[in-house]
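First chain A sits with chain B, and in the next complex the same chain sits with chain C.
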Partner chain A sequence: MHLTRDRIIAFSVLLPSLILIAVFVYGFIGQTVYISLTDWGKGAALAVNPEMHLIGFDNYKELFTSFLHGRFRQDLVNAFFYTMTLVLGSLTLGLFLAILLDREPRGEGIFRTIFLYPMSLSFVVTGTIWRWLLTPGGGINVLPTFVGLPAGNFLWTSSRGQILTFDWQSIPVITAIVVALVLVFLAIRTWRKGTHRRAFIVALPAVLLVLWAVFGQRMIPQMLPISEKHGFNLATIGISIAAIWQFSGYTMALYLAGLRGIPVALHEAARLDGANDIQYYKRVAFPILKPITLSAVIILAHISLKMFALIFAMAGPDNASTCHPAVLMYLTTFRGNKFALGASIAVILFLLVALFIIPYLVSSFREQRRRAS
Partner chain B sequence: MRFKRLTIAVLVGIGLLAAFGTVMADNLTGDMEIFSWWAGDEGPALEALIDIYNAQHPGVNLINATVTGGSGVNAKAVLKTRMLGGNPPDSFQVHAGQELIGTWVKADRMEDLTSLFQQEGWMDVFPAGLVKLLSTDAGIWSVPVNIHRSNVMWYIPTNLEKWGVEAPKTWADFLAIAPQLKAKGVLPLALATNWTANHLWESVAISVLGPEKWQELWDGTLSFTSLEGVAVWDMFGRILQYTNDDAASLSWQQATDMVVNGNAAFNVMGDWAAGYLTTTLGLTPGVDYTWSASPGTDGVFVMLSDSFGLPTGAPNWENAIAWLQLLGSKAGSDAFNPLKGSISARTDSDLSLYNAYSQSAAADWQNDVVAGSLAHGVVANEGFMNDFATVMEMFLTSKDPQQAANACEAIARQNAIGE
Partner chain C sequence: MTTKINWSRVLLYATLIVVAAVYLTPIYMTVITALKNPADINLDTAWQVPTHLNWGSFSQAYTKLAPNMMNSIILAVTATILSSMLGSLNGYVFSKWQFKGNDIVFTLVLFGMFIPYQIILIPLFQTLRSMHMYGGLPGLILAHVVYGLPITTLIFRNFYAQIPLSLTESAQIDGAGFFKLYLRVIFPLSIPGFVVTFIWQFTQIWNEFLWGITLTKYSANPITVGLAQLAGGQAVSWNLPMAGSIIAAIPVLLIYILMGRYFIRGLLAGSVKG
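Now for the complex of A and B:
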């Protein structure tokens, strides 16, 4: 590192934005974490100098164990399903649309605009439109009557049905089994590559996890005094549809750019070798599109973890079946005046988003360095 | 503080002198920002007040900051961030009762208005029970603008005749006629989104408990898990069977519409529904639609009241005092309330200005036992209300009275109800 003139200028130009980001992004993240460790929200929460005491991780403990916060735990489950449906739905639909457009139909530009257009709407607008479309007594439910079929009777966002229910107590077991499955998958892959010792090293914890899940789970204390059912709320389907409608155009644009970036020579070479369309996409195009899928997953996943406006506009603040930790955080903080508890929910969401963002950032930095060297 | 009280008194004196002078216009200058959630249907009523203020104080630039959203859910959040950020408006809307006391007075964010009340003679024109809701031992904290009633049941008399039923006097009556209505393909009771369930719950609770025991719940002397407390949830659950299952997707207006269209027989809603039925839908009160106290609450007036307070550190508080004077005055009150569809908080208002519904409500306000509303911020603090919405969602899914009662007791303790 030489302190050249160039570096000094670069540093001093960057300094203001560094300071601003340090204060307004990282400073406030730090403050939120600090508030989440206090008891701010008891009594005169809105005083000029509210009483605050550090209480450690009690707020977090309360969120995960108190029977009053079952709604928070269901919201976490909802967030998980929102993420799954949004990512899978948008990727599938986006890829499908991109493949259709890649075949250069007439009026491709118009279709591209139509598909991409929902992306330019704000969540509140999307939410309001879909709220009308999904009214149980009208909208989509009466569509079948136009062709002489009986009207639909699904309640959409006011449905209270739940499928795939599981007991909150079994979360450690479920996690163990999922992790074990991933490890087994990795082990098989390394085995195939021929590095057998590594495969054993990966497989061993998987076996241990499964053994623990089968025999040892009674050794840890129960998380809750009573069993608590959570699951996939049917009411979230409507909101997922609206979100997929909004974002599939975006994934389409990503995929289309990727497909168009594939050199024509590759396509022609595949053709010459006798590949049909399905083989071309499966063997040539999809592997090339992998990095795009990864970025799309990251972007969609973190959007779904921050989903607030869409749910607020479609289902209102108090529809617990469709609720999301972000909505609950807003209500707990700004309606219930429980600032510390709200901050804890915010920190948990932040950590969940970081789970997706940090590996992505690390891998993209690595790639940059690789390219630079 | 004492100095400020003295200045308030002096200013009020000057204001009175000015009022008795030749013209109403004075030389107050500068800005004055009022903060409320009155937009849309309620906008014209607020505009009427603003017009009078502008005529009285032509030198003041009145800034009307409204944030829309039912019962102020968004407005309150914006207000809180502004107050925490040290940027209070000059005067803001707040529900009388615990929403004012538990959130703002407890936090020492309001100025005492006792001397203003005395100067303006408001102690004699506002009912003592109402002033009590605005007060603590240390002072009086806001000026009431209106009174709404929450325990009203709305229906269409010709429809009831057609179906051969009468408006139920008790919930037992309702449960008796509900199956007949259902057999005719009519929904017995229209319900809307979550907060209207809270609203219905308070009407049911007061009919089961009576107004005294209702108050005991909030004093902390009656437990939510007592036999009566569980009985409330039990009755509420039985009534819910006769409500619509798409309730969570509907606004309160849509639930009222179901009654007007003849799809539903009854709707329990606050008396802002009268404003909607009369002004928006153009129906004649007493003829096209009529009302009674919600079942089992005859003789009880479950009230809520909007009021405006003076936050400490208000940048233009001379102008804000003038605003509060207007709100409490007879002229201001009678300009606002007929348009809002509420009744005046003053006992000397000119009833001829009001419609048939409001006149009947004003008569009940004079004679009935007054109870405070839960759903609209009177009896419990915001922490409890926020948690209660979750308990309600829990009950709407599980329909388990004992579980809901236990949860209520737990959140009452957590939010220091009755302490």
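Now for the complex of A and C:
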């Protein structure tokens, strides 16, 4: 009886927080989705009760097909490349540093502190400092002259160069080919395991996709009335370098915790079996680090999809070649007062992040359940 | 044999020192630029140590940033304390007073820390405006407290999960109810948990930019917005932004250097599964 009363107290202590989360997280997400389906942003957008009409998915249609919103599509491409560079760069560098520190050098604590300190800084501080380092006529570009080489002439964030250029129209084809490649890879793996029938089942859709990409792509309507070029903007490289500088220490800390968690006995056993260091990392350590890599990929991907302050401080919000949907949402909403359009960009950004986060939370939830039972 | 081992050690230290130098380069550039006379800053000599030290940029930057700094101190201290206390109580309930479906509710709470804040920004703006809190510090504090709940709750729940059941059970047999158990047993053991959340929340709130620039008016701008404005102009002389960056970074850098162990714990709490 006593306990039931306490249980009620316990729940009522929690309740205010739950209500706040319900309103401020879930309620607000719902409201943003609703706003994205309206035309808020015409006329007196900043009025306390602005005029709003439901217009369905028009804003989304605009963003993806209208000639005017090519910038949004380039920002999506930028976000993709920001994510790839930050994830790959931080994982590689972080793992490398963790392996170095795992050898227990003297002064390990000092090195760890040096590699991790950028993580404590604000994106605005990082952005300001790196803007100075990447000034086209100075900073890093001058460094080669110290060893007698000509100065670099890369314009960093003001560069207009673009590589890996592709036509927005060909995104379905590119997607089909990428999926086909993944399927082929899976098929080869299943074949090697000896399950030949399953390998055929996996390979078949890959063949169909390639056939479609080669012969059938005219069957679907064009995504845009005219061709539109997008690609990897070289101006984003500088920002990615600054982001990697800031986050590689974080992956180092994750990996180092993982490496230190490997029982010494396992390391000893590997050594007794005649494994050298490379074999130890390849056969013993890396498989153990796999779940850490997965967590790090998810955390880094969601950070790079939210990247706002770093781009703002380093290249300015108006620099189109370094822009990101998170920045464009701010410009559209709070500079342009186009609230509904801004809400649509926010929803697209949210869905991209959710793609990484929801499976992560679901799997950690399941794991918890399993541990509890 | 021994020489071979030594060589691999030499290589290890050489690599570490080179990489550490690369990581410290931005700090080096920031400090030397901040200490130069504006007239002495030019692109060719950007890497050279100043011939004479000019501390004036710091006092100049500080005069400009002082109001922002005050705002950030009020903001970060208040929001950190409030969100940590709520997180402590929530974590206590989630770990010691589990109810039916508490794991689902907990996962739903956690989701709040991963969302891109653009998705709640417009309704947050509307709500604060209708509550007459838009533009000032109280609205910003409210936002930081609410969206800080997931991480503080997570840290405390995991922290309290390590407190053995026998300890709480024996207190309950002695007749301790919900609050007595919290005050007598749980809270006194919570100091490390509070240190981790204080450090984490303070750093996060101090460094936050998006809400600062969208939800506050000029007089309530936090330090990050102040710094962005200081550095934002086209014809910037670089000594001021660099001095400003150092001023804005000092509080969190000090916390990190002095209490790095706890900082890393907060860092790992956000990524290691709960």
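Here is the rule we go by: the second predicted complex is superposed on the first by the 343 of 373 C-alpha atoms of A that agree within 3 Å, B and C clash if a C-alpha of one lies under 4 Å from a C-alpha of the other, contacts with A are read in each partner's own complex, and residues count from 1 in each chain.
Quick note on the criterion: a residue touches a chain if its C-beta (ideal position, glycine included) is under 8 Å from a C-beta of that chain, and two chains touch if they have at least 3 such contacts.
All values derive from a computational prediction rather than experimental measurement.
Touch criterion met: A:L100 reaches chain C, while chain B stays clear of it. Of the two partner chains placed around the shared chain by superposition, chain B is the only one that A:N319 touches, whereas chain C remains out of contact. Contacts of A:F286 after superposition: neither chain B nor chain C is touched.
By the touch criterion defined above, A:K338 reaches chain B but does not reach chain C.
Once the two complexes are laid over each other on the shared chain, residue contacts for A:Y330 go to chain B and to chain C alike. Counted by residues of chain A touched, the larger count belongs to C, out of chain B and chain C.
Using the contact criterion defined above for the overlaid structures, shared-chain residue A:L68 touches chain B, although it does not reach chain C.
In the superposition on chain A, contact of A:A47 is made with chain B only, not with chain C. Residue overlap on chain A between its contacts with chain B in one complex and with chain C in the other: 48, 131, 135, 137, 316, 330, 334. Within the complex, the chain C residues that touch chain A are 9, 12-13, 15-16, 19-20, 23-26, 29-30, 33, 42-44, 46-47, 86, 89-90, 93-94, 97, 99, 103-105, 107-112, 114-124, 126-127, 129-130, 146-147, 149-150, 153, 177-179, 203, 206-210, 213-214, 224, 227-228, 231-232, 238, 241-242, 244-245, 248-249, 252-253, 255-257, 260, 263-264, 267-268, 270-274. If you check the complex, the residues on chain A that touch chain C are 2, 5-7, 9-11, 13-14, 16-18, 20-21, 24-29, 31-32, 35, 48, 97, 100-101, 103, 105, 111, 113-126, 128-133, 135, 137-139, 142-143, 146, 245, 249-250, 253-254, 257, 295-296, 299, 302, 305-306, 308-309, 312-313, 316, 326, 329-330, 333-334, 339, 342-343, 345-347, 349-350, 353, 357-358, 361-362, 364-365, 367-369, 372. In the complex of the two chains, the chain B residues touching chain A come out as 73, 76-77, 80-81, 83-84, 103-104, 106-109, 193-195, 245-249, 382-383, 385-387, 389-390, 392-394, 396-397, 407, 410-411, 414, 416. Across the complex, chain B is touched by residues 41-48, 50, 67-68, 70-71, 131, 134-137, 155-158, 160, 315-321, 330-332, 334-338 of chain A.
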